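Shared between the two complexes below is subunit A, which pairs with subunit B and subunit C, respectively.
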Partner chain A sequence: MKVTAIQHKYMTRAFWEERLRNIIPELRDQLISYRRSGAAPGVFRSMVLKEVGDHFRSWRVIILMVIILLTCIGSLYTALTAISDTGSAGNSDETFFFLHLFTLSDGSLPPFFVFIGFLGPLLGISLGFDAVNSEQNRGTLSRLLAQPIPRDYVINAKFVAALLVIALLFFVLSFTVIGAGLLTLGIPPTPSEFMRILSFMLLSIVYVALWLNLSVYFSVRFRQPATSALAGIAVWLFFTVFYPLIANLLIKAAAPSPYASGRSVYLFERFRFLLMQVMPNELYSQATSTLLMPSVRSLGPLTMEQMEGAIPGPLPLGQSLLLVWPQLTGLISLTIFCFILSYLAFMRREIRSR
Partner chain B sequence: MQSSTIEITHITRKYGDFTAVDNLTLSIGKGEVFGLLGPNGAGKSTTILMLMGLTEPSSGSMRICGLDPVRQPIEVKKKVGYLPEDVGFYDDLTGPENLVYTARLNGIPEREAEERALLLMRRVGLGEEMDKKAGKYSRGMRQRLGLADVLMKDPEVIILDEPTLGIDPSGIRDFLGLIVSLSREEGITVLFSSHHLHQVQQVCDRVGIFVKGRLLAQGDIASLARQLFADSDESGQEYGLEDIYYRYFEGESKDESNSHSA
Partner chain C sequence: MLNRKQILTRIFLPFLLVMLSGSLTVTAQSLRLYTPYPEITVPPGETIDYSIDLINNGASIATAEVTVDGIPETWSYTLRSGGWSARRISVLPGEKKTLNLKVELPYDIDKGSYTFRVLARNHAVLPITIEVSEKGTVKTEFTADQGNMQGHATSNFNYKTKLENQTGEKQLYALTSHAPRGWTVVFKPNYQQASSVEIEPGQSKDISVEIKPPYNVKAGKYTIPVMATTGSSSARLELEADISGSYGVELTTPDGRLSEKITAGRRRNLELMVRNSGSTDLNSVRMTAVKPRGWEVTFTPDTIPFIAAGESTQIRAEVKAYGKAIPGDYVINLTAQTPEINADASFRMSVRTPLLWGWLGILIILSAIGTVYWLFRKYGRR
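Right, the complex of A and B next:
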């Protein structure tokens, strides 16, 4: 009897309406009490603003911006010459003409998205490598922690500020490319092209945030900014240069003979695909190329049966996103993992003066 | 109990096998200037970090302004100003700008913060250095700016860790004079850590002698002298802190040589 009474209570509409009505004031009260128990309101905002200001005043960020702006102009130029060379080739990407700005190249310079994939890690590392240790070396960290702010504000403010700088940079760059394309090509991007460019930008921001978090972790871990910068660059070099070498060795060793069965060839291809998937830069380049080239229909190995009956043609955005969903979640979870790592390392650290 | 601002009971802090602070019990009254005296590595800084809630004690309990630094570190930091040893500032901001940033972190309104920053700059004797970037300040100037920084939040207690390092002798006199006047006029409790005997003797109402994580003695200088030299022949003589200090050290080093030979 009792059980039915309880079920009955949960089943009524009035009960849930009551719950929903109460949930928002409850959340609001909790938020207010959280804020009252802690720092004064607006403190986090002024910390972030100060960090952003520091970034824009520093030579490091100015130099980075100039480098990235130059490469952007360079790759835009090569894309435009490539587009005028090919003219109106009758391929299936014809409807996505505007995206060529980001993906095409006449061969003298890599296209825009490859450039961002290459410079993104550098940008992330250079924004974060001295986040915590330089404050400690200057003796400002212990002074900062003696103020009535929760400790995680320090590291959160640094992360948010760097992320804002990155987001601003990427939005400015992409919109510049779009604007230049509009002027020179004379055709506007379609809504779906615009959405693809937007998701490319968001993905790039996540990718740079991954390297940012990694270098913030190194800045907590290592006392000298030079060491933490080197550690970040070492990880980046490992994944861009050495890991592919090692992976190639493994792949060569495991390569089946030309007379091997179809199944073992398939397994070998899957193994090769998996080995490559470990690299964050590979995840990023797969995801971006799929997003920017709607004709990309698959990433892993496919059998002839799977290909049968497929009509070559561009995928809609939703399907492209679905195709790179594992890469996207992989990148986002790696980013979150690096953030948690640096967060925990910072929170556990005992801060002494200098 | 109500009158003591800092109340430390049986605090121990261990780092692995090393005991930095060993069963410390200490109470400091309101408006008092208390000197923590001891050699380098005696556990003075660790005690201060624990009081600020920057590190947790292994055992024992503390109250500062009636608050528990382990559970309410943010509330404690609203009332307690801490000047770390060899304090640093943001080099590309001027002195007053650095102070205003501290005020923002404390939630002080902008207008009030700017007025207060200028006032405190003059008070610590940096009235001439208003437009200079903090990166150009000398060490002694940084230390004085540090005191102004601590005073921005209008604290009830200030904790100074070796504050006079790097200040020239006449600067030290001004600095110490300022601390004494703060304590007398505004009733601020001051905890002052140093290994300079003369400075501690000049300003502190009471002194605690700290060696190897233990508080060996506490009290005002006269009573410490009485405690120590009561049984000696020269009981009529005036003793300074120096005599007391060395007496303790000699005792310590004797203990050590005994234990080594045993």
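Right, the complex of A and C next:
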């Protein structure tokens, strides 16, 4: 009995190992066939580089970058003055001194991560709003498509190029902040702090990519660049200004009386929390604040049972990531969803030369 | 043993003399000896001052040789009159002369009755009896007011002792003790730690003896002999320390770490160590826990029947975290208690959230990426 059981187990294990061993070559074969299918090698790469070059040469991107750089330097300065003012307050965040650079402010300017949350959508919209329609209006798109390249190379290259520019900008910004912190504070960031800053950067890139994809979709959808830019800004304004107003109205209407039971108050708080979760900027700010402040332990409403016996203390990075994992999942899948939208719209579009 | 000659000289000769002088006083009754205290009781080592009157009842001047006879050899005495050590004394008729006899008793004598005589030779005999009330003490005396003390295992025992030099010479005493292992005995003759003390003859010195029991001493009565010795004499004193049991219990883990990771809603075993740090055995140590709501702590066993003094026992605590606990640190307080004493240990439980929702999120993202891949395959190669 025992021998047969072991043999059986061994057989299944070998089977699974075989499957696992085969899965990687299979994927590699598929990838190679996919890359070789359309055009000569290196075409996509040169398209992306061309797009990146166009971005860096356009005044629009340069102005935006200068604005972002200046504001970030301003908020870095306020963070540094706030750090030297407060000295060392004895809170549990004290061990994560370096992260204060991103979150602290003396009140004259918002802190770094709020700025990124505010300016990031604008950057994404401005990089993508004329991606397709301006080329179409200039007539270069039909010429481009006349070349022997797959059609999706065009939109993929535009997306990847913009993403590269954004990633470059954020890496430069974050490392500027880290460098300035090293110069002024004189202490290096701990590995966990560095990993938190890195995940904050990646999250910011994903967040800007969301708005980028949305504006690329609008640029496919609308023929006039001004219209698509306005549409992007309208969505952004809706989520930053109007949606909170509407949500507040709903919340006020649904507010329980002060004599309501604890259960209904809890459900109401849960409802309010969920209502706010619809906004991508809210998702982003929750995720960043949790990543940059290790003492944040919970985002939603809490019951007394959960609070009892809890003592303040920083969370490890893995737990912080798990805490904001719903928000991260929402942001990433929303970004991918927007990409799918713009991809589908572009691929189904009929492009005629003017 | 006295030999025959000594018997003759010591016993018969004085007796003969008494008989002889008795017969002489009968013949010449003019001189008489008088003292108010012919028989007294004194302790050893005492110095007695007798005043003896030599009275002349006769009509002429009488002269007599006054001697003391039959006094033990180890005793010392002086006989003085008018400031001199006089041997022959003359008294006018009808008058009297006062003599001072000073007898110093040594310390080293037996209890009993001693009789000696003061003689006015050829005239009178005055027998004096000294009753020694007790046996004479040894030459050095080491005493304590309160030789027995009671206290905890951690307390210091301070004994007030007195060392008396009853020898005739100045002595340098070495102070030693025969304490069991682990005990500390400190002598402080003049409020300062010392190992020897010098005492003048007949003088005494207060010596405070500090005794400190070892940290893990068991409850009970202990006798600590202390000694003061010189080359010629020694004195021994037994001090008694009655140690009442102390209760002590400690609650830790075998490696001393008081924090543990736990996943919300899951169980985790903690190894605990209950140590009896007192000096008495502990019976039925009960384990309890103060925990946040929704948490569970079960001990196996939840009551430890017996821990001997100084020993420790390992037990297991199974902690179950609240299913809805938020990530981060929670505190649970574990207590080991007996009616006499208790010990707390605060455990910091770092709660981690289960990965279930994380996997769901990864699944959603993977499906989105899969959709993109499918779109590439479908539309990309047209």
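By definition in this document, the second predicted complex is superposed on the first by the 318 of 354 C-alpha atoms of A that agree within 3 Å, B and C clash if a C-alpha of one lies under 4 Å from a C-alpha of the other, contacts with A are read in each partner's own complex, and residues count from 1 in each chain.
Note that in this section contacts are C-beta pairs under 8 Å (C-beta built on N, C-alpha and C of every residue); 3 or more make two chains touch, one makes a residue touch a chain.
Quick caveat: nothing in here was measured; it's all calculated off a predicted structure.
**Q** After aligning the two structures on subunit A, examine subunit B and subunit C and state clash or fit.
**A** With subunit A as the common anchor, subunit B and subunit C both fit in the superposed model.
**Q** What is the C-alpha-centre angle with subunit A at the apex and subunit B, subunit C at the ends, nearest 10 degrees?
**A** With subunit A as the vertex, the angle is 160 degrees.
**Q** Once chain A of both complexes is superposed, is A:P150 in touch with subunit B (first), subunit C (second), both, or neither?
**A** both
**Q** Using the superposition on chain A described above, determine whether A:G42 touches subunit B (first), subunit C (second), both, or neither.
**A** A:G42: touches subunit B, not subunit C.
**Q** Touch check for A:P225: first (subunit B), second (subunit C), both, or neither?
**A** In the superposed model, A:P225 contacts neither subunit B nor subunit C.
**Q** Subunit B or subunit C: which reaches more residues on subunit A?
**A** Partner touching more subunit A residues in the overlay: C.
**Q** Give one of first, second, both or neither to describe whether A:R138 is in contact with subunit B, with subunit C, with both, or with none.
**A** first
**Q** Pick one for A:G74: touches subunit B only (first), subunit C only (second), both, or neither.
**A** Neither subunit B nor subunit C is touched by A:G74.
**Q** Where does A:P244 make contact in the superposed view: on subunit B (first), on subunit C (second), on both, or on neither?
**A** neither
**Q** If you've got the overlay open, could you tell me the nearest Cα approach between subunit B and subunit C in whole angstrom?
**A** 6
**Q** Overlap of the subunit B and subunit C footprints on subunit A, residue-wise?
**A** 37-38, 150
**Q** Residue numbers of subunit A touching subunit B in their complex, please.
**A** Its residues touching subunit B are 37-43, 46-47, 50, 54, 57, 138-140, 142-150, 350-354.
**Q** Using the touch definition up top, name the residues of subunit A that touch subunit C in the complex.
**A** Subunit A residues touching subunit C: 34, 37-38, 150-152, 297-298, 302-306, 308-313, 315, 318-319, 322-323, 325-326, 328-329, 332-333, 336-337, 339-340, 343-344, 347.
**Q** Tell me, which parts of subunit B touch subunit A in their complex?
**A** That would be residues 45, 49, 52, 54-55, 74-75, 77-78, 80-82, 84-92, 101-102, 104-107, 146, 149, 153, 161 of subunit B.
**Q** Where on subunit C does subunit A make contact in their complex?
**A** 291-295, 322, 324-332, 348, 352-353, 355, 357-358, 360-362, 364-365, 368-369, 371-372, 375-377, 379-382
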